[in-house]
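Each structure below appears as C-alpha cells.
Both of the next two complexes hold chain A, though its partner changes from chain B to chain C.
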Partner chain A sequence: MCGADSRRSNHHWKPPMTALSALIRRDIRIALRVGGGALIGVLFFLTVVVLMPFAVGPDLALLSRLGPAILWLGALLASLLTLDRLFMADHEDGSLDLITMSRTPLELACAAKALAHWLAAGLPLIVATPVLGLLLNLDMVATGAVALTLLAGTPALTFTGMIGAALAVTLHRGGLLMAVLVLPLSIPVLIFGVAASQAVIVGPMTFGAPFSILCALSLVSLVIGPFAAAASLRHGLD
Partner chain B sequence: MQLSGHDLICVRGGRQVFAGLDFAAVSGEAVAVVGRNGSGKTSLLRLIAGLLVPAGGKIALEGGDAELTLPEQCHYLGHRDALKPALSVAENLTFWADFLGGERLDFTESLATVGLEHATHLPAGFLSAGQRRRLSLARLLTVRRPVWLLDEPTNALDVAGQDMFAGLMCEHLSRGGMIIAATHAPLGIDSRELRIGGVA
Partner chain C sequence: MTLIDLANPTRFLALTARVLPWLAAATVLLLAIGLYQTALAPDDYQQGATVKIMFIHVPNAWLSMFVWGVMSIASLGTLVWRHPLADVAAKAAAPIGAAFTFLALLTGSLWGRPMWGTYWEWDARLTSVLILFLMYLGLMALWRAVDDPSRAARAAAVLTLVGALNLPIIKFSVDWWNTLHQPASVMRMGGSALDKSFLIPLLVMAIAFTLLFVTLHLAAMRNEILRRRVRSLQMMQASRVAFSSEMGATSRGQNASKEVGAA
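On to the complex of A and B.
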C-alpha cells in the first residue's frame, strides 16, 4: 500500500510532463520523417515567394516595399497548409481516443501538439526568411525585422489555427472549411506583423508599438487556443 | 472493484441505439458483449471509455483508484489501432507507454510476449493486420490498467495469436483485472455473456 501511495503522489506532477514531452517528440518525429509536413511547408513558402518577383515584375523598389507583406502572406499560407491535419490524423487512426481518455488534461495535450507543430513547421519558415529576403531585395535590417515579427507572430497563427483544426475533426470536414474558419482570425496578426516590419523599413511609425501588439496577440492565442480546441474536441466526441 | 451501468440510454446520430441497459462486472471477471451488427456493442464500450456521453443512466466504478476517473483506469482497444505508420514498432510502443503513464513494464518484454521482438525497428507501416493487432496488445501489457475494453480483439489474429491472447487475458483476470469485450467469435476464456438487442 505504501508503494501505491508514493506512486499516487507521483503521477500528479511528474508523469504529465513526461507525457507532454513524449507527445511533442512524437509529433516532431512524424513531421520530419518522409511524408511528414515540415518540409512541405518550407517548400510551399519558397515557391510562393519565388513566384512573386515574376508576377510583380523587375521593379526593385516596388519589390522591397512589398517584401514584408509577401513574406508574411507566404508564411501564413504555409503554416495553414499542414495545420488542418493537426488533429485529423490522430482522429483517423484512433490516437485521439486514447489521448482523450488519458490522465493528461486534453487542454495541455492540445497545447503540446500545437507547440510541436510550430517547432516542426513554423520555425523552419523563420530560418528560411533571410534567404528569401534576398530574392525580394530586402536589406539586412529589413530581413531581420521580418524574421523577428514572424518569430513573434507565427505562434499566434498556429494556436488560433488549432481551433479550426479541432473544429474540422468535430464537424467531419477537412481542408477548405478550416481555411475559411481560420483566415479571418489571422487578419489582426497579419496587420500588426506587416506594420511592424514596414515601420523598420519605411517608418514613420515606431517598431515597438505594433510589435508589442503582435506579441500580445500571440500570448492571448496561447491561452485561448488550447481551451477552445479541447472544448471543441470534447463536444465532438463520437 | 465493481463496474456497473444502470439504465443506460445511448443515442447516436439522432437514433436510439439501446435503452434501459444494465450491466455489472467485478474484478477477475470477463464479460462478453454479444449482439447482432449495429446493436450497440461498440457504443457501450465507448460509453464506458468516456468517448460517448450517455443520453441517460449512469456508469460507476466502485473500489478503483479514487483519484482517477473511470476512463483513466481503462485500456480501450478499438477497431482503429492508434499506430503511426512512420514510426517504428518500438517508437510507437514507447510513445504510448510514456504518454499514458502510470505503472509500466519494459516494452521489450511485452513485445516478446506478443511475438514481435524481431520487428522492433521496423516502421509500423510495414506490419500486417495481425502484427498491428499484436502491437496494440503489447500496449495493454506495457501500461497497466485494471479495466480492459476490447472491441473485436481477436480480429486478424491467427490461431496461435488467439491462444496467446487468451493466456494474456487469463493473466490479467488473475491479477484482479476486468475485461469487457465486444465480440462475435468466442473469446477463448470463461466469460459471462451480456446480450444487447435480442438474439442474433
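On to the complex of A and C.
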C-alpha cells in the first residue's frame, strides 16, 4: 500500500529520503528481533559494570569516584562489540551488494545504517545508565551528567567504529583486529566524555568546554565515518 | 623521470639498485659527522651529559610522524591514482615507522629516568607518541592479517588516511587531558631557544636519520617487490604441482590397483 501511495504521489520527489528511512527502519527491526542481538550490548554493559566492584573492591566511595570512567569504558566496549555485525550480516545474505549498487549514495546509506545501529544499540546503553549509576553509588546529578555525555559521545563511537566494521567485512576478519584498529581512534571521545562528567561531579572545571568538544567530535566523526566506510566498502568488496 | 615511470617494478628495481649505495654512503657519512659533533657538544649546565640523548631522541620523534605522512601520501597513491608501487611503499614504511616510534619512546624514557626520576610519565607528548606506536602496530597487524596484498593495501590505505586525520585530534585531546590532570609539573626541554652548539648537531642528526629512513625504505620496498615475485612464482609452482599430482594420483591409483591385482 505504501509503495502504491508513493508511486501515485510521484511529483513529491523524495526518493533518497524514503530509501534511507526504509533502510533505517529495516535495520532497527532486524536488530531488535530474534537473531539481531542489539540488546546483548546492554547485557554486556551491565556485566562489565558488575565486574568492576570485584576488581577494585566494594568500597562505595571509590566506586563513586571511578563511576563515570567505568560507565564510559563499559559503553565504549559494548558499542565496539556490537559494531562487529554492522555490515557482516548484510554481507552474508547479499543485501550489502544491493546497497552498494543502488542509486542512493553509498556514503548516505552507510550513515543511515550507522544511525539505525546507534538507535538500536547505542540508545539502550544510555537508558540503562541510571540503573548502573545506582550500582556504582552515583547520585542523580552525576548519573544525569554521565547519561548526557554518553548521549553526545556514543554517536562518535558508532561512526568511527563503522570504519572498523567496513574494514572487517572487506577483509573477512573481525573481532580483535577491529578492536585494535578502532580503539586508539576513540581515545579523544573517552577523554572528553569522562572529563565532562567529572566536571559536573567534582571539578572546578566548567561542564561546557569539554561537552562542546565532545559534541564537535561527534559531528566530525559524522562526516568522516560514512566517507571512510564507503571508500573501504567500494574498494574492498568484489 | 616522473613518478609514473617508476610504476614499472623492474625499472624501479634497476634505478634503486644504482641509487641505494650512494644513499647508504651518504647516510653513514652524515651519521658519523653528526655523532662526532654530538660528542663535541658541551654538556648542559642543568642536565649534564644526559642532554646528548636529545640528539638521538628528537630525530626519532620527528621521523615517527614523518613516516606516517609518507604512508598517507602513499595511501592517496593507492586509492586515488592506483599507482602500482604505492601500496608497496605504504607496506614497507609501516615497520620502519614503528621502529622509529619505539626508539623515540625508548630514548625518551631513558632520558626521563635521570630528569624526572621515572621511566614513564603520563606526559602529553609521551602519551600521544605511545598512541601513535599502537596505531603503527595495528596497521602492521592489518597488513599481516590478510594474505592478498592488494586487498590489504586498500584497507590499510583507508585506515592510514583516517589515522592521519585523527592524529592531530588525538594529540590535541591528550594535551588537554594532561593539563587537566597535572598542570605543568614536567620539566620542559629548552625553555629558551636552543644554543647554536646544540642546534647544528641536532640538524645534522635529523638529516642523517631522514636519509637513513629513505635508504631503509627503498631497500624494504625492493624486498617487498621481490617477496611478491617469489610469492607469485611459488603460487604458480604450487598450482603446477597440484595439477601434476592430480595426474600422478590417477596413474598411481592405476599402479596400486595393478599391484593389488598382482598380489
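Everything below uses one rule, namely that the second predicted complex is superposed on the first by the 225 of 238 C-alpha atoms of A that agree within 3 Å, B and C clash if a C-alpha of one lies under 4 Å from a C-alpha of the other, contacts with A are read in each partner's own complex, and residues count from 1 in each chain.
Here is the rule we use: a contact is a pair of C-beta atoms (placed from the backbone, for glycine too) under 8 Å apart; a residue touches a chain by one contact, two chains touch by 3 or more.
It should be emphasised that the depicted structure is a prediction, and the values quoted were computed from it without experimental measurement.
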Answer with first, second, both or neither: which of chain B and chain C does A:184 touch in the superposed model?
second
Quick one: is A:60 in contact with chain B, with chain C, with both, or with neither? Answer first, second, both or neither.
neither
Can A:220 be said to touch chain B (first), chain C (second), both, or neither?
second
Show me the residue ranges of chain B that touch chain A in the complex, using the header's touch definition.
12, 49-53, 65, 67-68, 71-72, 74, 76, 78-84, 86-87, 91, 94-96, 98-103
So, in the complex, the side of chain A touching chain B is made of residues 7-8, 11-12, 15-16, 18-19, 21-23, 25-26, 29-30, 33-36, 92-95, 97-104, 237-238
So in the complex, the part of chain C that touches chain A is made up of which residues?
79, 131, 134-135, 137-139, 141-142, 145-146, 151-152, 154-155, 157-159, 161-163, 165-166, 169-170, 172-174, 176-177, 180
Give every residue of chain A touching chain C within the complex, in rising order.
163, 166-167, 170-171, 173, 177, 180-181, 184-185, 187-188, 191-192, 195, 205, 213, 217, 220, 224, 228, 231-232, 235-236
